[in-house]
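Paired with chain B in one complex and with chain C in the other, chain A is shared by the two complexes that follow.
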Partner chain A sequence: MNIAVPPMEDKKANKLKSTRIAGKLVNDYWEMVWRAKEEGKLICWYEGSAINPFLEAADICWVHGEAYSAMLAARHQEETAQRVAEERGYMRELCSYARTHLGCAVSNQRLRGDNSGATPDDDDLTWKLPAPDMIISAYAYCSTGQQWDEMTSRVFGKKVPIFNVSLPWIWASKPDAGYLRGHEWHETSDYVARQLYDMVKFIEEQTGKPYPWDRLRAMMADIKRASELRLEAMDLCTAQPAPASFFDWVVSIAPINNLPVAGVKDYFETVLAEVKQRVASGEGAVPDEKYRLFFDGIMNWNKVGWLANKFARYDAAVVAGRYTHMAFWQEPDLIDPKNPVLGMAQNYLICPNNHAAPILIELIMGLCRKFQVDGMVIHASRTCRAFTNPQFMIAEAAQRQLGIPSSMFEGDVTDESFYKDELLNSRVEAMLEAIESRRMAVA
Partner chain B sequence: MNRHVMGVDFGSTTAKTVILDLSGNIVAHSVAHMGAVSGDGVKQSMKDALEEAGLAQSDMGRVVATGYGRRMLDEADKNYTEITCHARGAVAMVPGARLVIDIGGQDSKVISVDSNGLVAQFAMNDRCAAGTGKFLEVLARAVEIGLEELGDTALQAREKLKISSMCATFAETEVISLLAEGHPKTDVLGAVHAAIAMRTLGLVGRVGKKGPVVMTGGVAKNPAAVHYIQQALEMPLILPKTPQIAGALGAALIGLDDYRAENKHLFISEHEDMAREEQMAADKACIPGCRGVPELAVDPFEKQPPKGKLKSLLGTIQNHI
Partner chain C sequence: MKQTAEIEEIVGRLAAIAEDPNAYAVEWKARTQRKIIGILPMNFPAEIVHAAGALPVLVQEDNAAITYGRSLLFEFYCGYTRSLVDQAATGKLKIYDGIFLVDHCVALLGAVDAIRFEVPDLPVFLAQFTASMDEDTTRPQVHGRITELRERLEELCGSSVTDEAICRSIEAYNRDRALLRRVYEMRRLGRISLSSRQMQALVKSAMVMDVDEHSQIMTRLVAHLEAGSVHSTGLVKLHLSGHFCHAPRPELLDMIESCGVAVVDDDVYTGYRYISTDVPHKADPITALTQWYFDRNDNVPCSTRAQKSADWESYLANAVEKNGAEGVIVLVAKFCEPHMLYYPELRKELHKRGIPHLLIETEHEGLALEMLKTRVEALIEGIRRSVLSRETA
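Up next is the complex of A and B:
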């Protein structure tokens, strides 16, 4: 029985060419953010839910904390911010998104604040974020999220107005409960929508202008369409070989989640066209697809390309994931562009971790079936316990319900020091060997 | 064609080698202690096994490596992970085993095996040396006792103490502090082994508790580790005679499969071999062409075809042939 995992040839992931556009869009967006103060714009810092269309419509510059930390990690420029945060007293076990972003806040105060007397290094992105004029806290499932906003407020001397949107956990304990249904779902949706209307009043107070609802409606029409295009492209990855991978969808998170709305629909139209073309020509996201995997876990932002190539060398197409396929305006049908607030509230609520485990697991098993995966690779993020909490249950369900093996490795969202390459190699190889030996036994 | 295959477990603290003949019998095995993933140690282990078997490296039809250094072994034709090899080796040592607990130098793993002996699920220590041989090694040093005496000393524990840290370094601090409080080494070491057992129990929980359970790896030779793990699991552990060679044995068995598959045309099973022997004996006992059924044979000298039912039966047989 020869079950050897293929030798580590120098294969590379066949990334979607169109996702290069995302890199340019991301750069343009952050350039705009760095200039915003000088251009006299109001700045809002927020974390978690994608409330950015509310802000963009009101001409407020929006700064998403996780997105900035992820961008720094993707550029391998996160260490300074993390060191500064630790110096301030934020320990390494704190969410590294928060730690990196708070390090930026501290740097901003040191180097950009009035009378700082320090000279910032222009190449260091840590200090470049413009200080907030307001903070909106709208975080589902993550207890650190709200505390992070409170910590940011403290860093800026508690002078920045904060608005808090409470996104309740969906317990799903009543008999009528289920995904997008039941009394609790409707009650919770209305509760969050009411708060979003109050948030708009808060925005009006900050801008001193009536809220431009027409602009929000137009933006949400575009986001709804972009989301539909994205989901259509993702669905095409049920093809074998899969035309795009989880890592392509990771790169495409920023466009759907926090970039200016104007370019988003075009971006996903281009991506969809390329995916369709690949399906037609039988071109895969990895050169030789032999295994199909599901990725459970949040992304290691400093390892996106590295991991994409690693799995390509194993001939493993990572075809779907909880992070990419169960978040980021993933239910466009809920959005009514003429009256978008309720649908926005509902999309915030269905952040994948905000459901009771049975719903979460059912959704994940559904994706595994749909994409016909052979195994599951689980990234246990050291500083994001909220994402990691249900992972043993997910692995157990995958084994019991689908008969597929899983392998877990520890890493982190933006702190590279928690990642151990050899442990990932051994675990993934062992899982692929198990898959291979089963195939041979069946044959 | 070569008549032997070799499996090498290039581990973090020891190197193990197993040589099999083509029937899967162990011809020789060796264990060499060494430094961290040491090339010299693994060479020594291979040399020892070859000497014991009276063979040379060139006599090996296939060499398969496993363990942390598996990719570093030039002699290896292929390499496989410890999970696959330990499962294969353990099930070969204890047929019917459904759960394999392997505690080695650098990692501990629990492997659930299905009824076909294939890996169904596995869990490993994820973060540090928690619950591994290294954990024991560090703590043996802290109490100034040899690794070989560790188990027997721990079995003499009377008072239940607790080591809560799973980090070897912090656990060492806890051990030193317990000794400083005047607790005897026996009780402290009992607590160390209980900590390992709890960690192992956690891994078992992740893949599902089921039996029979076989324990492999160097730590299986430690009676206190076995005692505390059995107690925590509330299940007996089956201990192979040479638990530390399970990975190397698994590697050798996989190599044997591979070698057999490649040279299929040269191999015949024992059953086939026996059938051929019997056939040849029968052929010799009768006239040419009778294939062991003389009554059906056509005597070439008589040239008279058989008649009636006999003719029909012969026709059917010939058609089948």
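Up next is the complex of A and C:
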């Protein structure tokens, strides 16, 4: 331990109480998924963008591949799926979201009689993921997403109907290019919207019913409101001490991203109320906020609580992050509930990776300024190249433009074996020392 | 003997260019006073750059150790993308007047973002080709992107790119591909004894040279090869599969062949995958180039594309049946996600058809050749024993 004030071992993150509701909503949702076959529902597997309102409106049970992998990792039940995937030949350096999810697909196939002699284990969630009746791929930025869906289809013998929505990267090389503006943005938005209309035709083919547009419109009105509430609560974390942390917003991803729409608005109303109350009373997300950090990178789902407590012990409030603050219905103003498709397409294009570095860096520097961060912690997720692609550029920009240090650590989205705790400790401590030195110099 | 010497001389000349494409490009530029456009794999239609009067050079992996590039991309990226950013960081991309690409592998996107960051004055242009081939919206989207490429090249090169010029370029590239495919055909028939290193040099040089110059040389080479005689080697015949975007190291190919192997065919990118498909004849050349994009994946399916009707595994197994290979070596560039995702499908099919195979992962930072040699020898031994037991049964 190097920093001037050693971290107190008994300190813990002061998590938002309301996020416990998210835990219950998540559990209820997965129970619904596991019952879906018995209830005679069609099941759609999808990855990437939050197309779930399209499915929920059509009474299709939706299963987000990353969410399932993340759930397994958060419950420390990912190993079986990853082992099964490895047995089939998937290599360890492959996206662990994909590897874990494909492991579930392979397990499911075995139980359906591919003569591998598998028997179900009631406690093992790997095999419980119900097989898909359809697959929709709508992955922004990461080429692996679409390929993963293609492989899933092949694991099921190419017998499951599949539809691809392609979301081009916003490369932004023309003079008018920028965040939510320019010819490229509008042309790309229209292209994605056209594909979403085709996707609805595909859904109609699967259900054999006309698409219930009114239900989608109503759902998108709720999502728009939930998103506004979420963003308002996030904005209140500019307060010092910050009333909620990046880790609270991580826990709140599932509600905004893939849970049934009905409970989402209420959830974020409760969260917002608690955040407001904390601001009023000066209660912080860490017991003694001394440093404010930005988190770049995707979440390490095996380590959410672990990392929250670790940073709390360093008196470091992780106040914002690229993963949480630049995605998940991030631009509610673009959603017109009466005519929601274009706005949905545009929100899908605003994934935290789907803009090229110049735009991405401008947005991140803006967040760092807004939340008055002292430093940046960067999670180099070993198998998620989509997130690691711009990280050296982001770190350099933070140093050049804001004069703030950054600290990188290696981990992974769902493969715990890549996480290196001691490296994280020593690097974060070095960064906090640099922040201290800078403060002393200014004083 | 004279014929053999001529062949060696021609292949050696192409190999020297393939070894140092930058030197060739710089000399070409000095000679022609025209622009050099770096293009990135694997689906870029070089014809459109050629029609603009520029030299399309498919940027190759550089053999140099990765140094400054380490501060742009992490070590858990494929050797090709790490090499690209290292070339940017060490000034080697400055010979290009622009970098153009149409593929959107996630690692490649990371690399081009870093290139633009590192070399801000270098125009870098992405015209993203949709990778899902079955959707109705894909074809018009790809057509639009090729049209956009044409416009950007007109801006960069300062002159219009006419339909006639594109048609001439298409003819030139079709001619060159046909010559290369003829060499491949002769290799499959056992009529030539070019090594895999030499075969790679033929294709790699086609990726970086002026197409007409390459065709002239290839025409001479093919004439010499046609005049040769049938070889019966007694070696174990293998098919090399995979290795997207960049070339496997020649020393790896040498090692494989040193184990009593004759490589009779491949589907590697710096091999048959690159030359497999001609651009069809159509009145509108942009429509023709669009069709080429779809045809390529029909002919030699690629795991970077999503297409229900195309299966790499059945293509591979059928190719092995046709070319008489007794086994397959699958070459995977370490960290290549599309290949890692697809490998289980290949493995399953090869097992099903009883085709012996070996997986080798390659890396930029050298290969443990002696250790790999043991594995290749084991594969060859297994194949020989299997043949022997069939013969004695």
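Some notes on this structure:
FYI, the second predicted complex is superposed on the first by the 430 of 443 C-alpha atoms of A that agree within 3 Å, B and C clash if a C-alpha of one lies under 4 Å from a C-alpha of the other, contacts with A are read in each partner's own complex, and residues count from 1 in each chain.
What we mean here is this: a residue touches a chain if its C-beta (ideal position, glycine included) is under 8 Å from a C-beta of that chain, and two chains touch if they have at least 3 such contacts.
The model shown is predicted, which means the values in this text are computed figures rather than measured ones.
When the two structures are aligned on the shared chain, A:380 is found in touch with chain B and with chain C.
Legend: residue contacts after superposition of the two complexes on their common chain; A:270 is shown touching neither chain B nor chain C.
Judged by the touch definition given at the top, the superposed model places A:191 against chain C, while chain B stays out of reach.
Using the contact criterion defined above for the overlaid structures, shared-chain residue A:392 touches chain B and also reaches chain C. Note on chain A: of its two partners chain C and chain B, the one contacting more of its residues is C. Judged by the touch definition given at the top, the superposed model places A:98 against chain C, while chain B stays out of reach.
Residue contacts after overlaying the shared chain place A:147 against chain C, while chain B stays out of touching range. Contacts of A:77 after superposition on the shared chain: neither chain B nor chain C is touched. By the document's definition of touching, neither partner reaches A:109: not chain B, not chain C.
In the superposed model, A:168 makes contact with chain C only, not with chain B. Touched by chain B in one complex and by chain C in the other are residues 380, 392 of chain A.
Against chain B, in their complex, chain A makes its touches with residues 1-5, 380, 392, 395-396, 399, 405-410, 422-423, 426-427, 429-430, 433-434, 437-438, 441. Residue ranges on chain A touching chain C, taken from their complex, read 88-91, 93-95, 98, 137, 141-144, 146-151, 153-154, 158, 162-164, 166, 168-169, 171, 173, 191, 194-195, 198, 356-358, 380, 382-383, 385-386, 388-393. Of all residues in chain B, those touching chain A in their complex are 68, 78-84, 116, 118-124, 126-127, 206, 208, 254, 257-258, 261.
Residues 71-74, 76-77, 104-107, 109-110, 113-114, 116-117, 123-126, 128, 130-132, 134-138, 141, 303-304, 306, 308, 332, 334-335, 337-338, 340-345, 347-348 of chain C are the ones that touch chain A when the two sit in their complex.
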